[in-house]
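Below, chain A partners chain B and then partners chain C, in two separate complexes.
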Partner chain A sequence: MNLRRMENTPKLTFHLAGLPITFDVTVMIGTTVTCVAVFLIAWLATRRRALVPSGIQNVVEMLVEFTRGLVRSNLDAKTSEKFYSFAFTLFFYLLIANQLGLMFNIVTESDHVSAAWWKSPTADINGPLAMAFVITIVAHFLGIRKSPKKYGAHYFQPFWWMFPLHLIDEIAKPLTHGMRLWANIFAGEVLVFVLLKAAWVGIPLNVIWIGYSVFVGIIQAYVFTILAMVYMSQKLSTDH
Partner chain B sequence: MHYESGIHIEIGTILFQLAAFIILMLLVGRFALRPMLQTMKQRQDHIEGQIKSAEESRKEAEKLLEEQKAELSRTRQEAKEIIERAKAQSEREAEEIIKGAHERAERMIQEATAEIKREKEKALASLREEVGTLSIQLASKLLEKELDKKGQAKLVATYLEEVGRLQ
Partner chain C sequence: MDLGVIAGAILMACAAIGGGIGNGLVFVRYLEGIARQPELRGLLFGQTFIGIALVEALPIIAVAFGIMKLLGIL
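After this line comes the complex of A and B, so read on.
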């Protein structure tokens, strides 16, 4: 089936103490390309800084202002400074990663096995889910470091028997956080591929769908970043 | 290398993505975001400074304007005073001149009148003398012609009488 072929990706597996460690080559390519693009754009924009900004500096400054606003709306002024580079890098990374798979596709065929070598790193579940869980773990860690008593008490509020609900909530948060991003981007790429197979009928539909997917990619980058900040602030806020 | 499709949780992919993101975050923070935030802070400071200095110069300008206005009104007041003083002085002077002229004219008239009077008296006196002399001459001429002792006496008497009356 075509869809299976499109999904087929090259993998590298190593065994460490009997444990299989698998690397997805396509995702690694996508991640590397995104990282290089993000760093180059941010770095080039910072090369010739002027008090009166122009061109690329304007764009990156807008991103900085925007992500700084996201952080500031969730955290107090002093703590928010520590999260500027995290929020900026996360938003910028997702902004580019989400669009990567929409540009083109590279499919090779050898020994009757076809493989896709190009897709959004966020269209693979591992990246988004790992990021979401790391964000949650960091949030919990910061919460415990700030006030272990408050952190513990929070699980039994407003009633002690709500403890299981809190546990479910804490696990559901990163799960939905990661899967929301992955599912949106993955679905976008799958439908692009399906429409490509639909001959000439699919062309106008594909144009519309790719345009919509670009929009979805931007929205999901924003949603993922702001949720990350919200989860951090829930654990860091004093009134919780 | 092998090929696979479907959704799998892969430790390797996860580690790679996380490591790549953390490295990217450190690099972007160090080489892009920090200088960018510095520049933005600089700009903000610059703009704030400009606004502050603009406010200051506006205040100064207002103060200067106020001063100039006060100065101008004071000068105007002074000019008015000077003009008024000059006007008053000129009026006074004109009055004095006219008064002086009147006085002089009066004096001249008086002098002229006195002169006329004096001249008249002088003329009268000289006329009287002349008439006396003339009448004596006339009388002597007449007397030379027809004078007798009787007539002469009578004549002398009348003359004496007349002279007495005249004086």
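After this line comes the complex of A and C, so read on.
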């Protein structure tokens, strides 16, 4: 089995008004599994709430506190209240999604066409890029709603001829935001597979690499969430 | 061997060089920081890994495209 087969995922293609729309089945499975896991953990954590938290409630409360601190470090006290649940959901989803592809892989083969049925939803470029673009659109919308004049003027500061630079900046932000997450998780999964091909020599290396990949997944979830908050605060800050 | 494989290999090598230099610069500052103020070790550790994650972005994107080039997907 070679690497190219592992990256071959089943696709569903529809034609909507003449436009082909393709869904990646593997990513859909991964997203569903992650959503179910997130809901399940959140439900278990809030099922029997105690004043003195223990077990799973303790862990989830730590994550909530952590993401709250993250939002508070970027936005002022009044606006940050609206973003607490968003930041927590984003961070928790990514935290689980990034680890999904490290566990195992299911590959089926029929008529010399193989299909991989399991991978991180963030190891496909479309997922992270879509998330990054949605965050950017929301940030721009919030900026325009707060003060259209200030939002427009921001593009011509400090000098009017800096407009092209601002435009490039606004396009590059969501691109690097999404691709940073995708590339980290994708490269991690591919290297796990490459090390698996090295037979018994690869076992200790794989243990080290999977440990590092778990670490990278956590760091990337954190970086994605904090950058989402930074981009929103750039559009919302009054002293800008 | 087709040229796409060589292109992907060169892409990944260049990304490794750039990423190595960038990460080295970030880590040197971290070590200097804890040498000056050892009590800030915990705070700097977190900040350093955010910095490394940000520095790593473009090299790792280049590596991902290099892998796709090697596989012939791109």
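Just so we're on the same page, the second predicted complex is superposed on the first by the 239 of 240 C-alpha atoms of A that agree within 3 Å, B and C clash if a C-alpha of one lies under 4 Å from a C-alpha of the other, contacts with A are read in each partner's own complex, and residues count from 1 in each chain.
We take it that a contact is a pair of C-beta atoms (placed from the backbone, for glycine too) under 8 Å apart; a residue touches a chain by one contact, two chains touch by 3 or more.
Please read these numbers as outputs of a predicted model, since none were measured by experiment.
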item	value
Which of chain B and chain C A:Gln157 touches, first, second, both or neither	neither
Partner chain(s) touched by A:Ile226 [first = chain B, second = chain C, both, neither]	second
Partner chain in contact with A:Val64 - chain B first, chain C second, else both or neither	first
Chain B versus chain C, judged by how many residues of chain A each one touches	B
Chain B versus chain C as contact partner of A:Arg49, first or second or both or neither	first
Which superposed partner A:Thr176 touches (first chain B, second chain C, both, neither)	second
Partner chain(s) touched by A:Asn184 [first = chain B, second = chain C, both, neither]	second
Touched partner set for A:Thr89, first chain B, second chain C, both or neither	first
Which superposed partner A:Thr108 touches (first chain B, second chain C, both, neither)	neither
Footprint overlap on chain A, where chain B in one structure and chain C in the other make contact	4, 7
In the complex, chain C residues that touch chain A	49-50, 53-54, 56-58, 60-61, 63-64, 67, 71-73
For the chain A and chain B complex, residues of the former touching the latter	4-5, 7-14, 19, 21-25, 27-28, 31-32, 35, 38-39, 42-43, 45-46, 49-51, 60-61, 64-65, 84-86, 88-90, 92-93, 113, 115, 121, 124-127, 129-131, 134
Of all residues in chain B, those that touch chain A in their complex	1-18, 20-21, 23-25, 27-29, 31-37, 39-40, 42-43, 46
Chain A - residues contacting chain C, complex	3-4, 7, 176, 179-180, 182-184, 186-187, 190, 219-220, 222-223, 226
